[in-house]
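In what follows, subunit A forms one complex with subunit B and a second complex with subunit C.
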Partner chain A sequence: MTSGRSALPYWLATPGVLMTLAFVAVPLVIMLSLSLYPFIPGVGVGEHLTIANYAEMARDEYFHVIFARTFGMAALVTVICIAIGVPEAYVLSRLSERWRAVSIVIVLGPMLISVVVRTLGWAILLGNEGVINKLLLASGLVTEPVKMMFTFTGVVIALVHVLVPFMVLAVWASLQKLDGATEQAAESLGAGLWTVLRRIVFPQVIPGVLSGGLIVFALAASAFATPAIIGGRRLKVVPTTIYDEFLGNLNWPLGAALAVVLVVIVLAVSISANRLVERRYKQVFL
Partner chain B sequence: MKRTHPVLMVFHWLFAAFMLAPLVMVALVSFTDKGYIAMPFDGASWRWYIAILKEDEFVNAFYRSVVLGATAATLATLLAVPAGMAIAWHRFPGREVILGLLLSPLMVPHVVLGIALLRFFTQLGASGTMWGLTAAHTVLVLPYVLRLVVAAATGFDRTVAHAAESLGASSWTVFRRVELPLIVPGVAGGWLIAFINSFDELTMSIFVASAGTQTLPVKMYNHIANTIDPLLASISTVLIVLTLVLMMVLDRFYGLDRVLAGKQ
Partner chain C sequence: MSFLELKGLSKRYDDTVVVAASDLSVAKGEFVCLLGPSGCGKTTTLQMVAGFVQPTSGRILLDGKDITNVKPNKRGLGIVFQSYALFPHMTVADNVAFGLEMRGVPSGERSKRVASTLELVHLGPMAGRYPRELSGGQRQRVALARALAIQPPVLLLDEPMGALDAKLREEMQIELRALQHRVGVTTIMVTHDQAEAMTLADRVVLMNKGCIEQIGRPFEMYERPNGRFSSTFLGKANVFSATRAQAGPTVNVLGYRLPTSDTARVGALEYIVRPEKIEFTSDSAALVKGRVSARAFLGNHWLFQIETPLGAMQVSHANTGLPKAEEGDEVGLHWAPENARLVPRTEEAA
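After this line comes the complex of A and B, so read on.
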């Protein structure tokens, strides 16, 4: 490890820093300022600073519904990902070498496949003529197709599929630090499977659940392709509304204001969740 | 061998089925001989694979995405290797700030980056150009390379480099003969994961690309927004197979689990 007053590390980092400043930081500042200008139909962006776009969002019921839906959806997706991702990571950590290799390809491999491809798969599965409905009808459980395309439920199912690998990975990482002897000790003292999971394993993987949950929540709230394809026009969320404002209505200032509020809410939720969990489970973060 | 409760094993295979279901479905539908989305059991054919070859726009978008992904991954690697070495091997004022800045594209939702860049490029008079798309993809995938480079460089014993220096090697020779070979697996894994992320990127590209510079995901999305037909399924199946091949390459290079851990 080298320390001191050498300028070398700065020279090494400069090209990357300049690129990131030019193509991330500067555009974000420009977007923030764009949200403070009025939109004049037929003309474009007006000239005088205003908070009209934010006022419109605060006033209009239409945007309240969209924000509530987006964050309700993100919260539900996060809860489901925790509920199924944590046990899956646990099983993954206990599989034999060979089965684990196969399972990693199946469970985590889809992360490398385009979201458009995976969402297309769900669109085919969930349609009124889709496989799930054919099976349900054939089994006699329902008499007419259950509507899943263009519904909240459909978007949640597809988003869980897209995002649950992030949860499995995060929890798996913290399981690898776990000492297997504690589980065996609990088992030998007569604890059942459920008790071992609830009292021994779960508290120790809280940091993994937290970081996985924050990633899933942020990605679910800002997901575009899945809500756009499965939810469609009738089930708008904030990212699809931004898309419509930008490329449909050409109201760029309002779209920029929506984006600013989206980022602020995601950040606020992440920071407060972090504080809350760290206070509640102080001992595992030490 | 640790014993895993049978209930958990059942859960595991249900979970695996859930993860595979949409992909298997896409692959099945792609073999139909009908003109609409249908199962191939009452008539299978290669019809929709042959159809891809006649779709110039999809073929062009595919090549464009490959070139864009390779260019962005290469540029990102050229930027991330020196920055990663600085961060892993030196302690200097502002180190945390620089690391945070370089990783920041991971934290910003792609839809937000997309509209910010659309406004930015429009003001520069460069909206919808290929170079704009390349610059945007480069900063977007830079964090993936950076993290693997930092991980590879941190786990490496600096006394080897010091030994070379004390034997009279110049810093360039030390870099070329000692340091670089040791971080090459990290760099190679980083390049591939950067390529995959650029190739798959949809949400930002939708705003940055124009009709003439549509990437494959953008082209597919615009097609799905109008109609879902078996052509999309056959294109998707080709992508699934290509991804499987890449996964095997990644596994050989670097260990799939380690690369996937860098995907977050």
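After this line comes the complex of A and C, so read on.
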């Protein structure tokens, strides 16, 4: 009886563990091993282990620019998502029950639409002949269309739109645990609204900001559809480069090496950010 | 004379009256308890004084100034919340310093005042701890210190003992009382615990269903409750619906003629006798007879439940030796006319 009960959790975990092994762990291992083989043009994957792919990435400035652009973009998207998502979550948590339900649908709406459809929507808005430029030209604010398609700014705008809901949800979960009386207490001690938000509310939702930030950062760094459609061929990021190496140049080993480095950097950034923030704000994480 | 004054203060949500027009004046340095069952409007009243709830009508005057429309952060009142509402991400010292910081007190003086306030609540050595690392009683004292550090004109306490266990609560009550005397701050406390209100308050404001039922000093309110609710909420009481057609030394309760020293009042009345005022007696002197249906030993006194023709009655006797009756005993009950209180019957009590 005792052994039966203690075995139950393992049985319940089995399907999940098997799924993870089959679809996450195994492909990662395959990817890692693939990245350690040479690419021979006209032949394909060579036979002897090598670090040539990594050496090429370390050497070639072309890749440095792409990596810098990818993580710069991911960092910027994360910062903007925090700036938009935290106040949004706070306002949501203050709404009456009915308005909250409506607002959550609006906030989560973008997540219900296919990433490709949504991104093409942005392409329509951002193009030289797009809605935004037409309005700007008509209003006389600009004399020439503002270039937004195929630019860094365009990709950042579209990614923020896609990823803000993750930040809102994470921060909102944190806000649920906040004792509203702490805000009243601060107010009674003489703090104005802004001071209450900055000194009392924000530090207490740091765990939510952190988890939201990690999700947004990882998704932004590995986003494919949005940079591919809005950024196009000219504004390459690591995921689109991987795609091109695999399917354009058929250089699978280099593509795999790029993928491995992407995963490693995302992991490294996530873990160190986690450590740093948890140490700085350890009292709210207990 | 009166330092804090509530004039016709009321709060209505849609059609629900949470607090009916209430008047209260509190003298400087006085300790007033708002006492009542949950939902009686006591917390809403406190929240209106604090400024977190906007009154539907009425005014709040502090030291002669109308503060009804002043924002909470400009009222400068010290508030201790039921959950304490300590800032979890700040140390004890930072919590206490927060109000001073908001007032722009320079950091040198600030740390001096934080230290002295923490001394006041015996938490000097805890200055560097975080709220999470403290016990319930310590957290409560931090909350108190944080509210007192700004030297508020009025201290508001919302069920401050609610989260403490019984023994600690008693200790904190005595400490709070002593502290309030020492600091001399005008204090309003909300509680549903009548013993706590009587222990702490100079005056008790008894509330029920959004109305103030009675205001008085604890002893006076206990001895002279103005109705069924007051008599049963503040201590235990035997209350009977009585009638009297014309002035005389007795009233009629279910055909029994019970004595009273209040000979004038007539009409529909409530007849109130406290359990500790009732004696067991021999048959001839008994006002009413009954059978002991239950007996409980409560340490310092015995509590008897007596089944009588008037209904179940409670009698309590100080523990001065063996109990004077056993369960199942037939006993006669007697009390002096001056120990029975007569008040007009209100419709609600009927």
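As a working rule, the second predicted complex is superposed on the first by the 262 of 286 C-alpha atoms of A that agree within 3 Å, B and C clash if a C-alpha of one lies under 4 Å from a C-alpha of the other, contacts with A are read in each partner's own complex, and residues count from 1 in each chain.
Quick note on the criterion: a contact is a pair of C-beta atoms (placed from the backbone, for glycine too) under 8 Å apart; a residue touches a chain by one contact, two chains touch by 3 or more.
Not measured: the values here are computed from a predicted model.
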| item | value |
| --- | --- |
| Which partner reaches more residues of subunit A (counting touched residues only), subunit B or subunit C | B |
| Which of subunit B and subunit C A:248 touches, first, second, both or neither | neither |
| Which of subunit B and subunit C A:72 touches, first, second, both or neither | neither |
| Touching partner for A:34 - first (subunit B), second (subunit C), both, neither | first |
| Subunit B versus subunit C as contact partner of A:189, first or second or both or neither | second |
| Touched partner set for A:44, first subunit B, second subunit C, both or neither | neither |
| Subunit C to subunit A touching residues, read off their complex | 50-52, 71-79, 81-83, 85-90, 98-99, 102-103, 130, 132, 146-147, 150 |
| Touching residues on subunit B, where the partner in the complex is subunit A | 1-2, 4-5, 7-9, 11-12, 15-16, 18-26, 29, 37, 39, 78-80, 82-83, 85-87, 89-92, 94-95, 98, 101-102, 104-105, 107-113, 115-120, 123, 135-136, 138-139, 142, 146, 158, 196, 199-200, 202-203, 206-207, 217, 220-221, 224-225, 228, 232-233, 236, 239-240, 243-244, 246-247, 256-257, 260-261, 263-264 |
| Residues on subunit A engaged by subunit C in the complex (per definition of touch) | 179, 181-182, 184-192, 195, 199-200, 203-204, 206, 281, 283-284, 286 |
| Contacting residues of subunit A [partner subunit B, same complex] | 1-3, 6, 8-13, 15-17, 19-28, 30-31, 34, 84, 87-88, 90-92, 94-96, 101, 103-125, 127, 129, 131, 158, 161, 164-166, 169-170, 173, 180, 193, 215, 218, 221-222, 224-225, 228-229, 239, 242-243, 246-247, 252, 255-256, 259, 262-263, 266 |
